[in-house]
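Labels run A, B and C following the written order; every chain starts at residue 1.
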Amino acid sequence: MKFASLVQNRKALIGLILFALTCLVALFPGVFTSDHTPDVIGVYAPNLTPSGAHLLGTTSYGQDIYSQLVYGTRQVLLIALAAGAFATVLSVLIGITAAYMGGIVDETLSLITNVVLILPTFPLMIILARYSGTSNWVMITVLVATGWSYGANQMRAQALSLRNRDFLEAARVRGERRAYIILCEMMPTMTSLIVANFLGSALYSVLAASGLQFIGLGNTSSDSWGTMLYWAHSQEALQAGNAMWIIAPGLAIAVLSAAFALMNYAFDEIGNPALRPVRRKDLRRAAKAARGDQNAEKGAGDVYAS
Amino acid sequence: MSTPPEPTAPAKLAAPAEPLLEVKDLRIVYDSPRGPVEACSGVNLTVRPGEFVGIVGESGCGKSTLLFGIAQLHSAPARIAGGEVLFQGRDLVTLPRKELNDLRWRELAVVMQSAMNALNPVRTIGDQFKDAILAHEKWPEERIRERSAEVLSLVAIDAVHLESYPHQLSGGMRQRAMIAMALLFTPDLIVMDEPTSALDVVAQRSLMVQIKELQQQLGFAVVFVTHDMSLVSHFSDRLLVMYAGQVVEFGPTRAVFDTPSHPYSKSLLDAFPSIRGPKVPLTGIPGDPPNLADPPAGCRFNPRCPVVKDRCRTEVPELYTVASSDAVSPVLSRCLVHHPAEPLGVPLAADVNIPIVPEVQSS
Amino acid sequence: MRFVVRRLSMFLFTLWAAMTLNFFIPRLMPGNPLQALEARTRGKVSPTALESILSSFGYKPNAGLVPQYFTYLKDMATGQWGQSIGLSLGEPVRQIVLQAVPWTLGLIGLTTIIAFLLGNVVGIVAGWRRGGALDSWLPSTLVITANLPYYWVGMLLILLFSTSLNWLPADFNYDPSLVPGLSPGFVGSVVQHAVLPSFTLLVTSVGGWILTMRNNMITTVAEDYVRMARAKGLADRKIMFGYAARNAMLPNISGFAMSLGFVLSGSVLVEYVYNYPGLGYQLLNAVDNNDYPLMQVLFMLYTIAVLVSLLAADFFMVWLDPRAREKG
């Protein structure tokens, strides 16, 4: 049922399509471009403007921008999805455990969560990234370590409100084990929150990862979009007149973020129907009816003809 | 109006006065993503000055929607799709905004179900009274305070609570404070949406008694929406029963209560066992209320009616005047039994008791 | 009172945790200032000489970690922030920091407040009028703009207004050829240099405010007390601000404090893109050069800033919402 309403929502649909497109490119980069080694320097003439041969032009190192973009997709997506997933798993574990166990466990976990939440994330990430090396998995770890706390609070709040509901009480009385109650009774009711959380974490990861890569803290030899921006910036692409080198990777980041953001927002709307847009034509019809058309409808009676 | 009027003598039911409120064929529609759903289909109702009219029905029958529609307090996705609401002779549906706002609270006040939700949590009671007054009159501070204390004393609340916030009062007190607020300009009509539902039984009765006393003292009319038929029937002059967005019975309380003219009203009443009468098996109404997006053909009650006939499934009943009722204050009923030309031959008075057995709705 | 004590102790604990993290992470990981200094001086100065320079600045790597840690805590608390061992070797950290603070506060602080106020007002109006043209495309647009990468937007703006049109400068906080002072020329230059960076921040952050305020308004407008205000015949504007907005704003106030942390973080990149010498810019330099003293102080300042704004938000909440006063 949830999936159906997700598809009906226009925003979610657009987000979903963009996301699916990105996945396609990530899975089959070879299909989208003929240049399979976009990293190699000096293959083409540097700083070419967009043309038929090079859809987005070339970098000042003579690499084809479009192919870099295509091949970089996989990394970006991998980081976003992995970091998003792990962060969500961590949030769910900590949040639900804190809510369900209560007492000293809850106090401790909440304290840790709130402390991590308050720490200034980006400076912390910068420090962590700088000192941990540049591989993708390090990046993912850094993102997860800094990003799980917001979700954990949300999960805890939701779990707390569910904890005393009757169906859980019934499960307890039946003698079910705690793990069972948490996994099979509580979590299914929290699915939309968990999914929304995952989307939010993925969104955060895309932006944070490319941000870190942009200042050179990622793997500088990768094709990631953030890294492309790093090279573009250090080669002063703007001044060199190669605007596309800046515009293209950033646009790709923006598109993927938009995909996650739209899907995330759609979940908000599904949960709260009052937020859905009220369409204009319905209002116009209503105003018309209130004003003049009453006379036509007066004799119609009180039941639709069936 | 610069001073509150003297309390008028309570209106008598016998001589029908010019109606204070006349709702004609009101249709209220909800715009859902799947298309418009009619929550109120052609509702007719009149209220005389000083009269107490109760509106009863199941959850989802449209009574609250009706109330807010009458007071023009509905909001998207609900909208008025047709009909008139004549209050003091003026149609509220088409009345220009400014004039509507003018008569709000002065002539027409509202009391809602949950005072905790209806009162602004971040402002004191006194401030909220002041808001209401200042929206219509430019009284000096002293006068405002005086009047506020006065209405509070009418409901037996100490004036010191003007400085309190809503969450600092008890449930019953909040509810009474809301009623006091409604009395600031001693309006001609107060509409109440289940004001007793959030209270315990004892507080319910005491609140009802208080409302009735105030009504007799100050002479305002009341439209009271509730699902609790037995409670309201002790206090109302006339009773209106709603089902599936339509009025199915409307008449003097005694008539409707003692000799219901519609199978639904009868079933409702039969569901309340009498505390003093002979012991009878509990009855209920099998099935569920219909889906208003797709109501049944013919009479809307036909899938659940204990005395249904074939004709009921095809012919649409109007609101007929019950022949045997009082000429001055007739009972209206939406059942083919009372069709003036071809009445359905069904003994409505017969005791057709349906025992409470879970049944799958047949529709 | 208990409430205040609880919050304060929580913040002190967080501050302590932040500072501890900040102390141990760089020291437990590969790389150290000595190597960085060697790289920078390109082997012209002998390692022993470098070591003595560094130790005179308080960097004694051979002393045990634990004593260093306690000395560190004491120094941070008492304002003895030592000297930079990074780019500006020997310069007192306090000086570097104090120079950078007004620029960051001015730019970030001012922009955030403007974005917050503007966003909330637009959000209030958007949430109140349902079904207008605004309602159909605004949320989607805002969802997208609120999630654009700050630094990319900054670069685009530079591309447009600086490189192509040459209307506004893209570097630094004022024209380096000018002498700082209260002269109109200088002040004008400061303003000119601040336009693009603050616009970058504004464009990306205002969307979030509009959205959350609109959503809060919609939920609030559906509440019974707003309906009650209509029933009383109050004027629309009075209801919108006095009843609906007043209640809808409450969650936003605490959200504002939360977001301050994020904005501070994001501003690091904006300063980087525009070479704007604020705290973020200094932080990046410090990290690049293993400049522990500077890094420590900056991180502590960031944490304190977030904590202070959280505390302020809490007090605001108590002031605005009488229900919160009871909870203590």
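The rule is simple: a contact is a pair of C-beta atoms (placed from the backbone, for glycine too) under 8 Å apart; a residue touches a chain by one contact, two chains touch by 3 or more.
Remember, it's a predicted structure, so these values are computed and weren't measured experimentally.
Return the chain label for which the distance between chain Cα mean and whole-protein Cα mean is smallest.
Central chain: A.
Which chain has its C-alpha centre farthest away from the C-alpha centre of chain B?
The chain farthest from chain B, judged by C-alpha centres, is C.
With contacts counted as defined, which of the two, B-C or A-C, has more C-beta pairs across the interface?
A-C
Could you state the distance in Å from the CA-based centre of chain A to that of chain B?
From the centre of chain A to the centre of chain B is 49 Å.
How many angstrom lie between the CA centroids of chain B and chain C, rounded to a whole number?
Whole-Å distance between the two chain centres: 55.
Hey, how far is the Cα centre of chain A from the one of chain C, in Å?
Taking the average C-alpha coordinate of chain A and of chain C, the gap between them is 23 Å.
Where in chain A do residues touch two or more of the other chains?
Counting only residues that touch two or more other chains, chain A contributes 278, 282-283.
Two or more other chains touching the same residue: where does that happen in chain B?
76
Quick check: what residues of chain C touch more than one other chain, meaning two or more?
130-131, 222
Under the stated contact criterion, what part of chain C meets chain A in this complex?
Contacts found on chain C: 10-11, 13-14, 17-18, 21-22, 25-26, 28-31, 130-131, 133, 135-136, 139-140, 143-144, 146-152, 155-156, 158-159, 163, 215, 218-219, 222, 261-262, 264-266, 268-269, 272-273, 283-284, 287-288, 295, 298-299, 302-303, 305-307, 310.
Help me check something: in the complex, which residues belonging to chain B touch chain C?
68, 71, 73, 75-76, 100-106, 109-110, 112-114, 117-122, 131-132, 135-136, 165, 167
Which bits of chain C are touching chain B when the two form their complex?
130-131, 221-225, 227-235, 238, 242-243, 246-247, 320-323, 326
Any idea which chain A residues touch chain C in the complex?
Listed in rising order, the residues of chain A that touch chain C are 11, 111, 114-115, 118-124, 126-128, 130-133, 203, 207, 210-211, 214-215, 229, 233, 238-239, 243, 246-247, 250, 253-254, 257-258, 260-262, 265, 268, 272, 274-275, 277-280, 282-283.
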